[in-house]
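Take a look at the structure below.
Per-chain numbering from 1; labels A, B, C, D and E assigned in written order.
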Amino acid sequence: MSIEANEEFKPKIVAFCCNWCSYAGADLAGSSRLGYPADVKIIRVPCSCRVNPMFILRAFEKGADGVILCGCHPGDCHYSTGNFYARRRMTMLFSMLDYIGVENGRTRVEWVSAAEGVKFSTTMNEFVEKIHSLGKNVRLGDLRCRN
Amino acid sequence: MSIVNSQADKIKEISGSNPLKCMKCGKCSASCPSFNEMDIKPHQFVSYVQNEDIQSLVESKSLWKCLSCFACIERCPRNVQPGKLIDAARQIVVRQKGQDYLKADEIPELIDPETPQQLLVSAFRRYRR
Amino acid sequence: MQRIGVFVCHCGSNIAATVDVKKVAEWALKEPGVVHAEDYPYMCSEAGQSKIQAAIKEKNLTGVVVCSCSPRMHETTFREAAERAGINPYMVEIANIREHCSWIHKDMEEATKKAVILMRAAVAKVNLNTPLKPGESRVTKRALVIGGGIAGIQTALDIAEAGYKVDIVEKTPSIGGRMSQLDKTFPTLDCSACILTPKMVEVNKHENVNIYTYSEVEKVSGFVGDFTVDIRKKARSVDMDKCTGCGVCQEKCPSKKTPSEFNRALNTRTAIYTPFAQAIPNVPVIDREACIKFKTGKCGICEKVCQAGAIKYDQEDEIITEKYGAIVVATGFDMIKLDNYDEYAYSQSKDVITSLELERIMNAAGPTKGHLERLSDGKAPKEMVFIQCVGSRCSDDRGKSYCSKICCMYTAKHAMLIRDKYPDVNVTVFYIDVRTPGKNFDEFYRRAVEDYGVNYIKGQVGKVIPQPDGKLLVRGVDLIDNKQILKEADMVVLAAAIEPNKDVRKIATMLTASIDTNNFLTEAHAKLRPVESPTAGIFLSGVCQGPKDIPETVSQAGAAAVKAIGLLAKDKLMTNPCTAKPDELMCNGCSQCANVCPYGAISYEVKEINDHGVRETRRVASVNSALCQGCGACTVTCPSGAMDLQGFSNRQILAEVDAICR
Amino acid sequence: MQELIARAKELLADGTVARVIGWKAGDLPYNPEPAYFEKEEDFDDFVYNSFCGANLSKLMIEACKLEGKTLVCLKPCDTYSFNQLLTEHRVDRDKAYIIGVGCKGKLDIERIKKQGIKGIKSIKGAEITDDAETLTIDTLYGEKTCAFKDAMLERCHVCKGKEHKIYDEIIGESKDTKDAERFAEVEKIEAMSPEEKFAFFQKELSKCIRCNACRNACPACSCRKCVFDSTKFDSQQKANVDSFEEKMFHIIRAFHVAGRCTDCGECSRVCPQGIPLHLFNRKFIKDIDELYGEYQAGEEVVERGPLTSYTFEDAEPGIVAERG
Amino acid sequence: MYKIAMDNLSALFQKIAESNELYLPIENCGQVNYGVWSEDADVNIEALKTVKSPKDAFFPQSENLYRCDKEEKKISITPAQLKDQNFVVFGMKACDIQGVEVLDKVFLSDPVDTFYAARREHGTIVALACNEPEETCFCKVFGIDCSDPKADVATWIVDGELCWKALTEKGEALTDAVKDLLTDDSAADAKVEEKKAEIKDIVEKLPYMGLSLEGWGSEVVDEKFDERFNSPVWNDLYKPCLACGTCTFVCPTCQCYDIKDYDTGHGVERYRCWDSCMYSDFTMMAHGNNRNSQMQRFRQRFMHKLVYYPINNDGMYSCVGCGRCVEKCPQSLNIVKVIKAFENQGGEK
């Protein structure tokens, strides 16, 4: 499936969702038929704290245009403290990406509870729109992965 | 959904309120100081917009009886805010009459020195949209 | 190399209507490791599961990918099916092509493309899956019930009756909860105290029940079957063993100005007090904020008059640490604050009251000894207006978006009781809808209208205006007559919305139980698991889960008890095998992982490590898999990547990332 | 230096320590190497001068596994690293005898050579006892001079102070050589547009040869096996195939030492391509200070660092975009 | 002998670049390394030593070998293209040129490394005599004369002019191509000779000139070999080594490489990249590592350069005395210190 030059930009977006809140929130968005673009693909992780910055950089390396991490609201983590660590880690990572000149907005963290199907859907719509406005990720990809 | 009455859509757009959110509690009518002067009651504004019967609304007395006191807007538990709907209907009439927006520099010469400041502020509040 | 089978479910038309399931199966065959692919209308059905099992056996599959609904729905189903066919259940992964695909996309081509990618990610993961075996953990045969209202009492009684020990922790000095504040109950008009008090006595006397009143849960650690809870027993300043409950101290106490919590601050109480006459335990507490002895050091009257010598000014808070197998949350509710609804003049007039205040006024033990009178001047009212849905069903941020569920019925009850006892009082109810879905509920409401002449007006009140003469001018609307109504009333009763007890957020955080935007605890499944929290071992009883009336609360309390009993009846629990595992060859022993572990599951040992023949004695991490819950915080903290999470390993997740970005 | 040698010999002789880690004179005026001293005669080569920039604390990881105590010479800034290693249980306090050695700023030979000074035969003014403000350099191409300050390592310009944070005894005097703002360079980059930032780092990192000197010199990068050497992440460690490789490596390396980096400056000192690697670590230090409160890794032995703790009110990751 | 004014070099580069890819020392962020010439490149040919040696031009740090493309379950293989474009490496010093000879012996002997051979075939080397040798230089120890480099073209900087002399056919061809810019000057020969003498004079004064290679080289066999290999000296020497790859990656003669696969998502790129014997996974195999301590890996580096290689290559050392490792080692370890450490040992033998 190669992308032709003038074909519409179809961003690749990876969404890491914690099993307990956000993945369930995504399920709720689904059962409530709250749509969002198919560009978003969800990877289930037990907790937002399972997401290693390496995973995010790897996604960019392999050609992702945006990466979003969703977890339980602070204080509601199934494992009580996981998202607090995730929050600091991601703040640091995002700050570093910003520092080296990667466009703000290619990465995002959003807290989505199991009851927030609407929020999940609006967040994804917003995020995809943001990535569309930023265009293709050229600063963080490995050239060999492009085709 | 087929093409909807453009005037109803326009009212929804101008007012920013969604008549479908109404739960028909009537708190707007219960709050309205002009209730008795009105032929179409505040809670009915909502159903008129919903039923796309803008003509009746535009021709009603209510259109000019609303004081813009905003009580219904303040108290509506569902954010439907009938006051905004009627205000939007009024704007439609005003605009239809070819009295679209004033330019800011046209205003000073139109102002009677006796005009209370309050009225000006109220007018701005009402017509700024 | 794995031999993977891919099974694509149509879910009737739920998936097949938007995703070309045949194509997904076709594409699956092109993925590395995939040796079998098929589609079927209902994979989760008996027949569908048999297809999976048959393929496992025929094609010697080592791994299975099911493209179907959310793993939260049927992961267990498919894993069990695979296990019955002889492969390790953890060799099964689900690609969620329903909730995350067919249900949210409209375009068939687009949805099919996405489903293929989700399938690929799952296949990529299964290629790296390894068989996992659950461990075992023991179950402490004791339950904790947080909250001593009717929900907590009923749950505790049911658990105790089944033969298990159960502790109740109640924040206030007595059990009884909201129900003890009620006068009568609908739809039978029983006296609330008459039906509650025997239950309070029963639970208090039960040999399997231990009640901690005036106590709060301070800390919770552990996990299902093995929670460790710290309970703060607040200093009562009264020796519970010595006190005889004679009440002399309360008669003599000179500090009498504290608003009574029990009577909704409609009257006052003494500094040393029992909340109400039937309190259990019937032992007073000293409110140290109000007590003269505590404030000034002088007084000490209660100590002098107590013949039992039970007053203990130097008592201190006590922390009790106890182990539990199951925890039931029954923290109940409160009325919302009415600050946002000043149009109803609640803060301006004493005669505008909430319905719970009316309960106290109607109650013989209440501030007016059960006489219906205006709190401003003590006069008997002639006109009463009830306003429904105050703060309920609001989509703005002034109130609550939900229906409080109980107001329609209690208002009918109030109206009926007033008309019955004071036939000369006119009662008007402004309503939006009257909701009476319950056994004998609508009949009850109709009696209020037809037999008692309560005036129900379809419409809302816009404003209540206190008049100089003390009357209340109510401006409402009658939507049927399309008339605005101006009515002078003597009293206005507001059916204020109910909301979860404000402490529930703190408790939910301690329990790691999830909570919704309205602060109601979330159930594991709205329909199929309504009394369980998604957090294993935590059960929900009563209004903490959502608005309910008493019969519903009691039945849910029983259901929560049954779930807890089901857990306590087990000797051992299978633990989640997706736990962290350190690679000792790479571990630095730096302790960073232990710092972030919320379960204290990581310890360190100094041992001899053989690294390809090089032996060295050093400090390495070791994970107690019974304690580890598999969050993965440690895996990211570990700089060398020595710590990995089974079932969600670095390589598995990276494989999914790669498959998606390909 | 003589006092230091005498004391080390004494401790070795009375059995307090089994070995000494210090510096051995090099074959050029400026290249002393870290070395073990176990016998009295080894000390003939012992040297401690202004070119002894290497941070010896990392050598203690291995030394602590040996029989007996090891005496280690640590400069004030090195003691932060030692504390951090103690925090992480990588060294054993009981196996270390720390002599806090005086430091008045360390020299960077690259900075001297940058001034066009080559064919160096000898350098005067680099002795530890000297308080010289100028270095006198005898070269094949004549005598040259260079201000001491201009030859100092970058890290000395943002000196953390003259105090040793952990020691058994102190020999020699230290001086706070700080004459620049620690975060000035970081702030300069922060103020750039995304395009400028990207161009800046792209240019600097294009020099990276993936020699791993920064990692291997770093006292915080003390993993037994680095993730970049492990097969677990499929991360390449020695190829500079695509410019992304370097970014990935340096971001992850900075992330792994975030909250643990004492800002000792070894990474920048050892980089053969002169990449200002401290700019990565210092950015994290600045962020941590701003977002989670001032924190200096290695100031003392603590249980948790900033990335292994949290508060309920922590900033959301969105703050990065908000700060602009 | 030809010559060209130093001021006119950019014209020369431009001319060369018309028909060749041109590699030469370029300054970027304060460091001089060989890179491809472009109009706006900050050329610095007077820098004595580039950080990395120019061996990249013939043996890049990483290069693709072939690509596997996956279509469904079929795999097709496309070999990477060999170098087919002519290029010029300008300004190589005598030591680096000897370094290429060292590489030649490895890559051009059977089995020939086709990637390397293609680059050698298409590459023309323009050598530059060292102007001001530094204290870290010790090329003379290996018999290299830095005042008189031997390559396709040899050049000298004399009095603001670059003197140019073609030495091979390739060199003649290049000279012809740029002849318009060069002027013939018979007087230049004498000046160059003068310059050579001047350089040699300085070389004599360099601190490492006395370095003795006794005890190293192709004659270190049998007991002598065992003695050196098992010497306790190694145990002291390696201790400060950080196990980084700096020495290896700046070295003009190190030739070890690793072959790796990169998953692009559509297939696999197989590439090779420089390896370092200092790395813990050097020659790592399924069973583990045959050198499992840093001492062993450290010893490997120097034994290879000073003993194994000479034994296999008629006594030629695989060190050229460029001194880059001396300058760049973070711990100030280097081959000179190793050679010296054994000096006394040699005496006792």
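Criterion: a contact is a pair of C-beta atoms (placed from the backbone, for glycine too) under 8 Å apart; a residue touches a chain by one contact, two chains touch by 3 or more.
Remember, it's a predicted structure, so these values are computed and weren't measured experimentally.
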{"item": "Subassemblies held together by touching, chain A left out", "value": "one piece"}
{"item": "Any chain that touches chain E and chain D", "value": "A, C"}
{"item": "For chain C and chain D, chains touching each", "value": "A, E"}
{"item": "Furthest chain, CA centroid comparison against chain A", "value": "E"}
{"item": "Most central chain, Cα average position", "value": "A"}
{"item": "Which of A-D and B-C has more C-beta pairs touching across its chains", "value": "A-D"}
{"item": "Geometric centre distance via CA averages, chain D-chain A, whole Å", "value": "36"}
{"item": "Between chain B and chain C, centroid-to-centroid distance (C-alpha), Å", "value": "44"}
{"item": "Separation of chain C from chain E, taking each centre as the mean of its C-alpha atoms, in whole Å", "value": "71"}
{"item": "Chain A and chain C, separation of their C-alpha mean positions in angstrom", "value": "30"}
{"item": "Sites on chain C at which at least two other chains make contact", "value": "596, 637, 650, 654, 658, 661-662"}
{"item": "Junction residues of chain A - those touching two or more other chains", "value": "53-54, 58, 62-63, 75, 81, 85, 89, 142, 144-145"}
{"item": "Chain E, residues touching no fewer than two other chains", "value": "262-263, 265-266"}
{"item": "Chains touching one another, given as label pairs in label order", "value": "A-C, A-D, A-E, B-C, C-D, C-E, D-E"}
{"item": "Chain D-touching residues of chain A, taken from the complex the two chains share", "value": "53-54, 57-58, 61, 74-75, 81, 84-85, 87-105, 107-109, 139-144"}
{"item": "Interface residues, chain E side, partner chain C - complex", "value": "72-73, 263, 265-266, 287-289, 292-293"}
{"item": "Contact footprint of chain E on chain C as seen in their complex", "value": "30, 32, 612-614, 658, 661-662"}
{"item": "Interfacial residue positions of chain D with respect to chain C in the complex", "value": "65, 88-90, 221-227, 230, 232-234, 256-257, 303-305, 307-309"}
{"item": "Of all residues in chain C, those that touch chain B in their complex", "value": "343, 389, 393-396, 398-399, 430, 432, 458-463, 475-477, 479, 482, 484-485"}
